[in-house]
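Order of writing sets the chain letters: A, B, C and D. Residues in each chain are counted from 1.
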Amino acid sequence: MSDNPGDTRQREIYMGGLAEMTPEVPLAYEDLEAAAMEALDGAAFDYVMGGAGAERTVRANAAAFDRWRLVPRFLRDVAERDLFVEVFGVEQYPFMLAPVGVQSILHEDAELAVARAASAQGVPMVLSSVSSFTIEEVAEALGDTPKWFQLYPSSDREVAASFVARAEAAGYDALVVTVDTPLPGWRERDLQRAYLPFLEGEGIANYTSDPAFRARLDQPPEENPQMAVLEFIDVFGDASLDWEDLAWLCAETDLPVVVKGLLHPADARRATEAGAAGVVVSNHGGRQVDGAIAALDALPRVAEAVADGTAVLFDSGVRRGADAIKALALGADAVLLGRPYAYGLALDGQHGVEEVLRNFRGDLDLTLGLVGHDAVSALDREALVDVWALRLSGLVSG
Amino acid sequence: MSDNPGDTRQREIYMGGLAEMTPEVPLAYEDLEAAAMEALDGAAFDYVMGGAGAERTVRANAAAFDRWRLVPRFLRDVAERDLFVEVFGVEQYPFMLAPVGVQSILHEDAELAVARAASAQGVPMVLSSVSSFTIEEVAEALGDTPKWFQLYPSSDREVAASFVARAEAAGYDALVVTVDTPLPGWRERDLQRAYLPFLEGEGIANYTSDPAFRARLDQPPEENPQMAVLEFIDVFGDASLDWEDLAWLCAETDLPVVVKGLLHPADARRATEAGAAGVVVSNHGGRQVDGAIAALDALPRVAEAVADGTAVLFDSGVRRGADAIKALALGADAVLLGRPYAYGLALDGQHGVEEVLRNFRGDLDLTLGLVGHDAVSALDREALVDVWALRLSGLVSG
Amino acid sequence: MSDNPGDTRQREIYMGGLAEMTPEVPLAYEDLEAAAMEALDGAAFDYVMGGAGAERTVRANAAAFDRWRLVPRFLRDVAERDLFVEVFGVEQYPFMLAPVGVQSILHEDAELAVARAASAQGVPMVLSSVSSFTIEEVAEALGDTPKWFQLYPSSDREVAASFVARAEAAGYDALVVTVDTPLPGWRERDLQRAYLPFLEGEGIANYTSDPAFRARLDQPPEENPQMAVLEFIDVFGDASLDWEDLAWLCAETDLPVVVKGLLHPADARRATEAGAAGVVVSNHGGRQVDGAIAALDALPRVAEAVADGTAVLFDSGVRRGADAIKALALGADAVLLGRPYAYGLALDGQHGVEEVLRNFRGDLDLTLGLVGHDAVSALDREALVDVWALRLSGLVSG
Amino acid sequence: MSDNPGDTRQREIYMGGLAEMTPEVPLAYEDLEAAAMEALDGAAFDYVMGGAGAERTVRANAAAFDRWRLVPRFLRDVAERDLFVEVFGVEQYPFMLAPVGVQSILHEDAELAVARAASAQGVPMVLSSVSSFTIEEVAEALGDTPKWFQLYPSSDREVAASFVARAEAAGYDALVVTVDTPLPGWRERDLQRAYLPFLEGEGIANYTSDPAFRARLDQPPEENPQMAVLEFIDVFGDASLDWEDLAWLCAETDLPVVVKGLLHPADARRATEAGAAGVVVSNHGGRQVDGAIAALDALPRVAEAVADGTAVLFDSGVRRGADAIKALALGADAVLLGRPYAYGLALDGQHGVEEVLRNFRGDLDLTLGLVGHDAVSALDREALVDVWALRLSGLVSG
């Protein structure tokens, strides 16, 4: 065996044994989720796992991968595989840690544990606006690891501008602007429990540490935390957000701006016209709109619509290496992982996240080689067959 | 947060908490149904929930929504949403309370509780012919709320004419003529239990209070209720109903006539030629014919077939906001809710119905904004993608 | 209510109550099957219910009905419905009792109970070759009811000719020649139990009573039943059966010959060229070939292939009125019911069969009226919509 | 009944009874698998049954058969059926025993039991490289039965050449070169258990008995088995394998070379250009790539791509006679059975394998006759209908 990540991971497991790790962080995604459900408080688990309405979008996200089947090619020498891709001039893995908010409900070390895992494994991390540790604290934990900051554009431009300035100062490499959340989703699990973690003061560290936000408060949050929570609710989102706001944000920073949550090719094109350097095709993991288009179904048209040089990222439904390979072959430059690492965090903190990353990378690396490619960057639609084309080809040849 | 219904409802829940309401009226439709099954007598639950034959139409109604996926658009300023639509010159919500019969088997306050809930929430109500309280009693409980009266055309034209006259006198705004019930459906749940609530004297208040009906009886129903029941069975329906009967009804009243139960575009066109001002595309919630076309599958062709100005309503399968948005985008002016509020009534009377309406409106409002629209009236097919078109597009581009 | 069968059946149930019948013969097919499974010996139940191999054909038979959806039409006056069709010059119901063998494993009265039920309800019966009572005994029980005799063509032409002559003498109206059984199916349930009822002497009454068969035996079956069984196994089927054998059979009798088990239009055409007056499109209820075409999928092409005047019958998967209406609309002149009445027989003998027939007829009658037709003979493909056409129409209009 | 295998097997079962066999080796594949799960150690069962990742390929393999439906034809005289086909000049059954490794985890007699069963039933066997008994021992047990040797091309050409030479010397008839395993699959069941049977010294008999392999060791494996295991891990596979390696192998032997694991028609063509005499269309039973194309979906295009005279074999998903017939009709010359006989071995050694073979052959023989063919070699696509063609034909005729 070589030192490719897949070989290494298999060697670690078979030779070292999983004796200690096994019970804590199962390999199979379904087992991982089940273990997290067991380990977590019901409200916290539901908050992470749930989606909008009847959760039809959550299910559609997963099912959309089945439309595409990998067509392995052989006898091509895959002894050395190159997993790296280039995004905004940086060589990095083609998978990143998605911005998952309020991680303190999952583990006390929250984003710090995730950042340390990301750093240890060299996996880029996207920090959520609504984190439990601050922009600066997480940046420090990440060290040199590629780091992006995700912004929920505040209804208060001073707060938004302050967040952007802090991210720049802390050395973040890109700004991810989430536009699919002008309003809260109708998440029945959370509503049924009347559970919104922010109301309990979770996930607002970037706000209570922010000078622009604090300037809005009559009393410092340390003295009157409840007032800070209500103020957060007020400034958090912006239902009136429009293309001019996006253009303003793009102009406000020298960082590349990545617009997250787009599903329509026309929106993606317009985002780049407003100054965005990239987009994340995503439906927020099915958490915003019930019955929405599966993110993977939206990916090919978006990837075709934007100009060369625009970074196309993808999330919503990536669970295993084969999922990532399909998304990469359909035009994504990289994918974002969300729930998998959130469950790893819940189960075993930094170690749990690292386990998830090691497994995902191992799976991705082996699957890449087994479909006959020695570099992620070489993946294209030739690696796939569309099940529907297969079925209907029978009309001609069958 | 603004005062849009979705924001308001979320605020009520998260801020106020669902402490008391939760156990009684769950948010998720599946939970609502399960709670009603638990709370109700088996025969009453089956009567509401069941459908004809193997209930393939009931299932098809729900599954038909999955063909269409919402394609959210962003950065469009959705801070203020307008949920209202105009139907027969009245500004109203795009959802109404469907005519559900014999509500006394669900709750002792029956249609009165529903009418009070409708009035409190400003949601139009369609009263069933076979109600447990009279046309006049329900009208009074509804006050100024838009009110429509649903007519099962009696085999006795005098009874039918009397019902119409009473509805007009009581201030109803429209007459809904149900034509999909010339015969009873083959409902196996009810047949297995030999349960027909009318035989127990339920749901015939409009008949026993009607002068034309009473004129047919040898003894007043107060003295001989069983005879009234048998007479009701005799005059209730009309298997020989035809287009001339419909024309007669349209001529008999100045109210707009809405024909309910049509599924074929030719029938819809002919209904308007006979004088109808609107149609309800519906398969009676799957209660009449097993293996019938899903109502949503029938909607687009009917909506295209009728002339502009004809009101197109829709029921059969609407459970959540996304369902309503899909139907509205496919050509419906408004949708009718049935089982959801029936379960709310069963669980907690007027309060239960109000809870269902508040949740539905909140979900609808947020979903509208999240797909990128600030007005229901602006919804059209651009909001949707046809899953089949998506799949087959792979043949061209993939 | 009128005296149409559907009205009558509903009246019987709701007015009379099902108090006594209910536990014995449930209305819903799934419940009927479950009750039969409970009541019967496992081997007997599996023998009736099972199919070949993985039973994919059994499941495909049922699923094929879902491709077609009924499109109800309204306001057409359906007060009087005519259920009768004409087959070989006889006015009869459009449903018949399929030839189900060895009924003695289901109930001691076996085919006699079925014949009495058929006679009482006026439903034509097709008697199986491998019955527990003789051609003559069953004919007597049937009286004037239309009666057809099903023949498994014996490898001994004298036996075959003798069966035909007996059927003619006993007054049968048609001869059904089953051609889909040149070999036994690979029925795993039966093989697993090593259960073949004939080996226990069941179902061979027509053989042991037949002069041509008895002439083959050294000892009369009354003295040496085991030898009769082995002889039966030897002469029962004919793997070498071909078109000439069919032509010989057609020439051997003046009765109309109906060829049962055809699925390919070319076979159907050739059968008529060999002298057949009709065909039964059937895959033997999925009992012969695993993974075969669903019978309903084969029906339209067969119906189009044969000349006008050829009787087209259908079985394999008909469980409810809507199923029958779909098959009739797709070109069948009548359908054959198998497992439903077999379960009725198992549960309550003649009464059980009658219950099944009453329910089926009631369901069929009401469903006919509810789709807007007043006569079975008027059904055609206009009553249906093809789900696939619906889905793909979105490509054009959506 | 004749002496065709299906008649014979049914006679054995019904006449002889399954009294003793039944509990041990169930007929139905699902029961067989369940019994094996019960009987085996969890790790061994999972090793055989499991697939890569989420096992979507395992499920897709099975589901792909449902696209094709058999269209039985009748009255064609199927009294005598010829199951034999010619492969590389040898008359043999159209089904073979697939190379399944490390059979010692299933039964102590392992490949010897299988070889004896193969010999007793006259079914060709493909021996795996990673067997528990040697090339020579298995050859002896097989006697005159057609025998093929499967080679995992070692990264050490001397070891590979030695294996080839041994296979030739031992009388194997063909060399099967598996090319879909340049890397291990990401098998979550095994990884979760950290179970790799080779690490326990299982399945490496051909290596420890091989002079070229032993020459690499400092100590003989009898003295230092652990070192032999590690050396095996090192030489077992070759991630750098390419078309030149294949050409070298083809030149190294006079045996026909069959390349196993190809799924793309271009790879199949190129394999024949490199000297291969045949291909096995296979995705290794879903054990290598999650989300890959179903093997049966790949078969028709491969069969069309290769020149006449190239042997086309198929595995991955064949469970019953109908599966085999579908693959044969789609262009395969023969199919390979894997898991079915592995379970038979686990349950009852040689006898268990024989039972599986007897049942499979019986099922295949009867199904062949029941679809109207008297010879496997006559099967072609006319025996099938494509479900998708059926569905879409409704657009034209419906």
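Note that in this section a contact is a pair of C-beta atoms (placed from the backbone, for glycine too) under 8 Å apart; a residue touches a chain by one contact, two chains touch by 3 or more.
As the structure is a computational prediction, the values presented were derived from the model and not from experiment.
Look at the contact of chain C with chain D and you find different residues on each copy: under half of the numbers used there are shared.
Centroids of chain A and chain C (each the mean of its C-alpha atoms) stand 58 Å apart.
Rounded to a whole number, the gap between the C-alpha centres of chain A and chain D is 41 angstrom. Each of residues 392 in chain C touches at least two other chains. Taken together, the touching pairs link the chains into one ring where each has two partners. On the chain C side of its complex with chain D, the touching residues are 52-54, 56, 60, 67, 179-180, 182-186, 188, 191-194, 196, 199, 233-234, 239-243, 245-246, 261-264, 267, 270-271, 283, 288-294, 297-298, 300, 304, 381, 384, 386, 388-389, 392. Chain B makes touch with chain A in their complex at residues 1-2, 6-7, 10, 13-19, 22, 26-31, 65-66, 68-79, 319-323, 326, 362-363, 366-367, 369-371, 385, 390-392, 394-395, 397-398.
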